[in-house]
């Protein structure tokens, strides 16, 4: 899978009194990137994926390393690289870039669950295929 | 109904780069106050109200007047006064107090809906009774 | 001033357990619209407006009427109409549209302040001019 | 340092359409815990720490492992254990407990900076002392 990339603009609401983007908001941006990726690979959006197909994608681990502050109203680029780990879960790696500088990087790990919160194994083919490409 | 009151402490996350609490967060505090009130009147919490009784309480209007800035780490008192309007909807009035000063006041209006998003009319007795007291 | 308009996509993080966008988030969208307008009228962004020119734009009142639920991943259009009220403050009126339907409308009122939190009066010409056009 | 502990109640606003607490909000709770700890150790609150002493505490890494979903309106206990790492930065370890179950655990790493965003080294004595106790 080639890198997938989205661009967003820092919102004023995302800053805190230190004058920079509040750290928890990076995880919101990561989710904007991965739900966009889902939409991209299945030609359907993640909202429908949840309701129609009954697939949930809960996070089991989230991590972010902060290298350089991001400020309002920076434009932010998020590069996402998905991979399948141990055939069991999906990992997304993120690079968060502003002012042409790598300002943060992180990852999230996810399992797939059905509406009864039971893991879906093996992973659906349309996902493993998309990651390989 | 006598005034109902809760106290909370400003979270760092609730500030913005102006150095004060971001304006949309007042509406989150209002909800903390009214869900606490619901828990108080029915001896059950609003979460259960939703899932067990199938009652939703969507907002149809929200308003806040901002008089004086609130800062981290102020302690904030929220006074809530509920009323029934035209037998159709519930109005909550809020006074938001910090450093012994009325810093903001607002209201929210709500209808009651069932899980199919259809209005519940007339309003359930345990609610109209609680408001009168 | 002709209507000014922005488009954004509902974020998963903006939903709540009722399955719809949480009501306080509409006020964040309103701010995205009005800061974009500021950037548009002064060819500088609101972030710079704050730090360079020392102008703050605190909210004195905010209001939203909710007509129809907005869901993830709806695309949302926000139409903004600014006006000067009583030569003292700026009002922005918002129409929030999803699925070609007016789902909510609201307003915010703002005064202009300097870094010492003192009101700037009269309003700067570049603002009154922009509103008139 | 013995464990430090806070308790908070899940807010409706913190849920998402999956019906559980949105993952980024755990990081907000972590901050509520560590700013409370700061207030506890220095008898002054973190807000004042920032403005009076000119000390900032930016995050350089944040991590959370999610084991079991937390729902509205759970009561949540957050246990915090601070430590000094390599004499350079502070690490906080968090255990997030609901319904008497360890639902998540995580850490954040922080450096100390002055108002010019330059690292403060060595770490101030009142902090290293507090961590040792």
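Going in written order, the chains are labelled A, B, C and D, and every chain counts its residues from 1.
Following the convention adopted for this analysis, a contact is a pair of C-beta atoms (placed from the backbone, for glycine too) under 8 Å apart; a residue touches a chain by one contact, two chains touch by 3 or more.
Keep in mind that this is a model prediction, so the values were computed, not measured.
Visitor: As a test of understanding: of all chains, whose mean C-alpha position lies farthest from that of subunit C?
Guide: D
Visitor: If you tally contacting C-beta pairs, which comes out ahead, B-D or A-D? Let me know.
Guide: Result of the comparison of A-D and B-D: A-D.
Visitor: Round to the nearest whole Å and give the separation of the Cα centres of subunit C and subunit D.
Guide: 33
Visitor: Whole-Å distance, subunit A centre to subunit D centre, using C-alpha means?
Guide: About 23 Å, centre to centre.
Visitor: Nearest whole angstrom, what separates the Cα centre of subunit B from the Cα centre of subunit D?
Guide: So the centroids are 28 Å from each other.
Visitor: Note the residues in subunit B that touch 2 or more other chains, in rising order.
Guide: Where subunit B meets two or more other chains at a single residue, that happens at 12-13, 17-18, 20, 24, 28, 31, 72.
Visitor: If we count contacts the way the header does, which residues on subunit B are in touch with subunit D in the complex?
Guide: Answer in residue numbers: 11-13, 28, 31-32, 35, 39, 45-47, 71-73.
Visitor: Show me the residue ranges of subunit C that touch subunit B in the complex, using the header's touch definition.
Guide: 17-18, 20, 23-25, 27-28, 31, 50, 56, 58-67, 69, 117
Visitor: Within the complex, which stretch of subunit C touches subunit D?
Guide: For subunit C paired with subunit D, touching residues are 12-13, 15-20, 22, 24, 72.
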